[in-house]
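Both complexes below contain chain A, partnered by chain B and then by chain C.
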Partner chain A sequence: MKRFLLSLVAVLSATSASAATDNGTVSLTGTLESSLTIAITANIGASSGSGTSTVSVGLGTIAKSGAVPIAVVRTVQTTDWKVGALIGIVVSKANLNSSSYTLTAQLASSTPAGITWKLNDVALSHLSPITLTSAGVYAESLMPLWEVVIANSAAPTSINNTIHFTATSN
Partner chain B sequence: MRTILITLLILALATPASARRRSRGIATGTKPQLNMSFTGMGIDTGGDALLDAGNITRTRGPNRRMTARSTVTTHTFGIRVERAGGENSGSVTVRAFLEASDPRWSIRIDGKTIGTMPLVIDPTAPIGQVRMHTMELDIPTAMPEGTVFNSVVWEITTN
Partner chain C sequence: MRARPALAGLARGRMAMKNSIVTAAILLIFGAGTVSAETVTRRLGVIANASGSIELTIQSIGGTPSGLGTATVTTAMGTISKTGPVPTGFTRQIQATKFILTTPVGIRVTKSNLTSANYTLTAALTANPASGVLWLLNNLLLSANTTSTITTTGTYGVTQSHTLRVDINDSTVPQSLNRTVTLSVVSN
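And now, the complex of A and B:
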């Protein structure tokens, strides 16, 4: 019996000696912020950045007649002519309790005389934004028609400009 | 002699294994004390650390990526295990678990999602060296804004 107890104590002692331990704690903290993101799809002419929030569209040289860039439709009217294309806009939300959004658009700079930029047949201005929708559905594509209307009287010039889209949660 | 042996036996059985494990920094038996410390956490205070992820937004960044349903923030940090007295040989098993369950978001360490049960992160972390790990905070886009908080408890045991 004494030999058994000795053996048992020896085993227990050996187990205890080999099990050194330690512990520690890493506390994690952070502030989760809500956000909206805009993705613009515009595979028009020579475009780049389609699917991101910054898209560049190059139409090259356009005229009342002749070739038109890819995905662009030209319409010739009595006093003016226009080129247009559909663009896709998807607004997504993250960590936000909101069921809809308002989307506005505004030009970055004034347009030359006789040239008008439009979205869904509403003229754009650099002075104030227009509202494209006040009940946008998140993650669904909005497809406004973008047009540049050129009066027959307009002098040949660059039509470069930028549309700033702003999405605001409702 | 017999009485001494019986007393020793009772003493050895009296201390539960879990109690020995939870005694911070106390090594059992004759081995020198183990010390675990963190590096790269921002605020490291010996065996404990605070990782402040700051403002977490759904934007791309050097430590942030976005999946369709979540924003993942990655932090790289190190764990050093040492023995008091400088006997830095052998290895330890490193386990981690969450102090509290929060099903709204998840934490991955080296790609393993951890829960409230201890999970082996590193089965053979060498004593005396810093072993690097990655911690990912995976926050779904459906989670409402606000403060996120939890604690990861780390345990090391000699092999």
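And now, the complex of A and C:
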């Protein structure tokens, strides 16, 4: 019996000695922050970047009469005329406890005399923003009407400008 | 009655042993007394077994790591979000309802005095992740409750690349994401 126990101990010892072990740790540190994104869809004229937060639209040469850029509507009136189109704006959130957002818009620079930029029929300015909505629904497309109104008296000029959209979580 | 002679013999044996111990002690005392005048030779016998061992080290990882080349590495990702900057050495994948950060982790296991063809690597978290956050190594879910086997055929002496991944759901509130992955390696 004693010999058997010794043999058993010897076998167990041999078994445990055959496997070597080691340990290590990898620690990651980081802080999660909220994020808010704006995606603009504007498939009008010769656009690029549609679906991202930076979209460029090329209208080419426009006039009261003549060719109209793709997906742009021209409205001719007595003393002025305008071109316009719907643009899509989607605001998305991540890691943010917020039920709605406020969206504002502002021009980057002043417009030439006789030319007015509008969103939803509200004139845009480079001096202060206008509020498009204060109860925007996340992940749903907001479709404001963008227009450029050109008086008959406006001299031929570049109408290039940029609209800055700012979304703020409520 | 038959036991008595045996007991008597045992008693005689103990007495004889006690006598021999006393005798030996006396001899040692005399022996000690004569050492100064004689050359004495001593032998030191060492009995030991060379035990096999393996060593795990982390060689590389994204972020801003410290302790590379050792078994204890800490790396900082800084501030992370779905749309902000991506930590150095990490890749971000944006999906509809979450974003995923991944980084390769170089793990090397070496062996010494060991007859073993390969090793088994397991991993676990020291604490479960926050709600809406998943930690994975080689696409195997990590938790503090169970150990995940990453490989059972690891190659010694080679830095093997594993992918550490953190999935963060859009519904997860801003917070610290700090966690520690414990890696264990056993020779096969």
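The rule we apply is simple: the second predicted complex is superposed on the first by the 157 of 170 C-alpha atoms of A that agree within 3 Å, B and C clash if a C-alpha of one lies under 4 Å from a C-alpha of the other, contacts with A are read in each partner's own complex, and residues count from 1 in each chain.
To be clear about the criterion, a residue touches a chain if its C-beta (ideal position, glycine included) is under 8 Å from a C-beta of that chain, and two chains touch if they have at least 3 such contacts.
Just so we're clear, the structure is a prediction, and the values are computed from it rather than from any experiment.
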item: Side-by-side fit of chain B and chain C on chain A, or clash; value: clash
item: First, second, both or neither for A:Asp22, with chain B first and chain C second; value: both
item: Partner chain(s) touched by A:Pro156 [first = chain B, second = chain C, both, neither]; value: neither
item: Residue contacts on chain A - larger count, chain B or chain C; value: B
item: Which of chain B and chain C A:Thr37 touches, first, second, both or neither; value: both
item: On chain A, positions contacted by chain B and by chain C; value: 17-35, 37, 93-97
item: Chain C contact footprint on chain A (complex, rising order); value: 17-37, 93-97
item: Chain A-touching residues of chain B, taken from the complex the two chains share; value: 1-2, 5-6, 8-9, 12-13, 17, 20-38, 41, 46-59, 71, 73, 81, 83, 99, 107, 135, 137, 139, 141-158
item: Touch list for chain A against partner chain B, complex; value: 2, 5-6, 8-9, 12-13, 16-35, 37, 92-97
item: Residue ranges of chain C touching chain A (in the complex, touch as defined); value: 49, 51-58, 61, 63, 70-84, 87, 99, 105, 107, 109, 111, 114, 116, 126, 164, 166, 168, 170-188
